[in-house]
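As written, the chain order gives the labels A, B, C, D, E and F, with residue 1 at the start of each chain.
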Amino acid sequence: MEERNIVYLTRKIDFCASHRYIIEELSQEENFRLFGKCSYRHGHGHNYSLEVTVKGVTDPKTGMVINLSELDRILRSKVVDVLDHKFINVDVPCFEKKIPTTENIAIFIWDSIVGTLHGCQLHRVRLFEDPYLFAEYYGE
Amino acid sequence: MEERNIVYLTRKIDFCASHRYIIEELSQEENFRLFGKCSYRHGHGHNYSLEVTVKGVTDPKTGMVINLSELDRILRSKVVDVLDHKFINVDVPCFEKKIPTTENIAIFIWDSIVGTLHGCQLHRVRLFEDPYLFAEYYGE
Amino acid sequence: MEERNIVYLTRKIDFCASHRYIIEELSQEENFRLFGKCSYRHGHGHNYSLEVTVKGVTDPKTGMVINLSELDRILRSKVVDVLDHKFINVDVPCFEKKIPTTENIAIFIWDSIVGTLHGCQLHRVRLFEDPYLFAEYYGE
Amino acid sequence: MEERNIVYLTRKIDFCASHRYIIEELSQEENFRLFGKCSYRHGHGHNYSLEVTVKGVTDPKTGMVINLSELDRILRSKVVDVLDHKFINVDVPCFEKKIPTTENIAIFIWDSIVGTLHGCQLHRVRLFEDPYLFAEYYGE
Amino acid sequence: MEERNIVYLTRKIDFCASHRYIIEELSQEENFRLFGKCSYRHGHGHNYSLEVTVKGVTDPKTGMVINLSELDRILRSKVVDVLDHKFINVDVPCFEKKIPTTENIAIFIWDSIVGTLHGCQLHRVRLFEDPYLFAEYYGE
Amino acid sequence: MEERNIVYLTRKIDFCASHRYIIEELSQEENFRLFGKCSYRHGHGHNYSLEVTVKGVTDPKTGMVINLSELDRILRSKVVDVLDHKFINVDVPCFEKKIPTTENIAIFIWDSIVGTLHGCQLHRVRLFEDPYLFAEYYGE
């Protein structure tokens, strides 16, 4: 019954955004000590790469875990439309108070898409801030 | 007894091939609705990247989980010779009826090599169709 | 007069397609001797990467050599719509008789877009068949 | 006299910054028509990659066109300290009125470093906004 | 209680080093049969890429699993200072007798940093010898 | 006469090697001041990437500037067999006295292959020591 095979399928998309790391209760010096250049007030930006992994049994007819056009539609409406070309601290309500670290944005993306999938499960969100730093979240 | 350490070793190889997604029972319009451009009859192609991960205890003398020349020999005969520069739907019997999605090719590669390894276990097959889509299969 | 600055702007896009190298007048053996695995009759494929470079003076108001949305529109209609997800030998009339080498496809792309640009010049077409092979054409 | 050889040496560095494309004289709609999502008021960001190419004769003793530690020092003080983790429109005076397109930032970097090199010439500044868009400037 | 979220954070760093694979008890021919070109006596080298993954709960105030400047400090003192620009067989005591395979270097790096982390756990060391070979170690 | 088109074709290959930068007449301190960590006596290594560009008219029958199998044969015998898995200062006679900088190795590769090409010209040798440093040589 090879049709019962469980496969993990990952889609990668890119978006760009800006952010800053500032805890308003702290002074500029304390913020710099904690966050370095990320604490500059006017923000800075990144080309983020996002890998979303879903887990499921392949459909015996189509050979697919999920139809990619469906997954792409979800990622466009839940991630790209919300985060792409935005200043995350200012344009995304969830981050008005919360620091938009790679960790926190990964969790935010998980929460945004976990309820939208049918016929397969969200397995992992992996977010690269740049090629040298990434966070992974499994909903734990 | 550090020699008892379990390490996961991954070899990446590239191959190129063409494929198409067509369910013969469906009309051209239905296939296009299901598979988009992948349903074009004459096929299209990709540079696939394959990562094969084996798991094992390092040999205390050689420091290796598997001799790479052995792993390379297996991947050449079981993967490259079978899939490289081929039209998968036509040239690979297993895909005469089955849709050669990334998911199904990953499973096919797992099945082709899982019985050939000695002294270590096949852990994962990860197949990239392009840098923005990959499937992983663990034999589950 | 910094507004007179000449800048070279390059847009990269990806497409995937399949092809084969066969000279019909030659035997299968002769074709294999000449083209190796590329001579397999059913074709094989690649993820092509295309870099199109235009040269021009930056607009003093917009700071642009060309509006990217205009360049993207041209590349979509002249390149993606024509080559993406196609079997080049069969689906693109120009290659019915001509071998679709990286060299020849680069020339074909140059010829397809050179007349469509306004306010800047086409400078170079660079086409990657894979990360290890690319051809560049300057219209010479 | 092989020591008279002319070599082009390129150093790549990365920095991240945010920017926006807005012509203040135009309405929000006109800006959006011209610049798309880049016209969002709060800005967005990128991981920029910069390749600076110098041209010169290799020193017969050291085999170098320029001592890399010298080139790195220049790039750090003239590029990284000025642009990294900044909101270019706000933090870099030159871009108070000028649109920080990839083209204009490349010219700005050329102008910032061209006078600092000794014993070799600045040949080219190549700036990637992301892997799919780059501008090159040769001081023409 | 979103602050209880467990995130895996990965930092990638590069270093370059040389090594050779020789078992002194074996003849040159036997070493070549076992290790191929890696057995050349004077050694050869690589640009290694190292990905260190830590696992932990994000700090509700900073949104971080670990402060990156702390992780970078550890990687610099425990990995870069020890391995970068070194001939591993000669310059690193641990490898005087042990073959510096990718597997063994990954284990060595795990052992070097596992005791230095506070507030989060070391989850995985992934070491690339080149883009086509990597070893992963989880301390098992 | 489209067959008269001039195309630049580039082949990329990888090899790994080790080297060190030491001028024997200088003290260890002076060498360190000049070359930094590259002056460590036992050497270190890199995964080099080499791009060799040839220029020529495409053959009207094959659509090729040069048959890739011929170019690959040349690169294997003149570059890979000579430099791959070697300690350049010790194993390559040309570098017994000469510092094996990226610049000098690029010139060495040019000189090794320039006389071997038939029907097309060597245009450029581009050598990456790592993704952040490369030298280009045009035989000037």
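Simple rule for what comes next: a residue touches a chain if its C-beta (ideal position, glycine included) is under 8 Å from a C-beta of that chain, and two chains touch if they have at least 3 such contacts.
The structure displayed is predicted, hence computed values, not measured ones.
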Labels of chains that are neighbours to subunit E and to subunit F: none
Self-contact between copies subunit A and subunit B, residue sets same or different by half: different
Farthest-lying chain, centroid of Cα atoms versus that of subunit C: E
Most widely separated chain from subunit A, with each centre as the mean of CA atoms: F
Rounded Å distance, subunit C centre to subunit F centre (Cα mean): 27
Geometric centre distance via CA averages, subunit E-subunit C, whole Å: 41
Residues of subunit B touching at least two other chains: 131
Chain-chain contacts as defined at top: A-B, A-D, A-E, B-C, B-E, C-D, C-F, D-F, E-F
Touching residues on subunit F, where the partner in the complex is subunit C: 2, 5-13, 53, 58, 61-65, 67-69
Complex interface listing, subunit F residues touching subunit D: 21, 23, 34-36, 98-104, 106-107, 131-138, 140
Residues of subunit B defined as touching subunit C within the complex: 14, 16-19, 37-38, 40, 42-47, 84-87, 90-91, 130-131
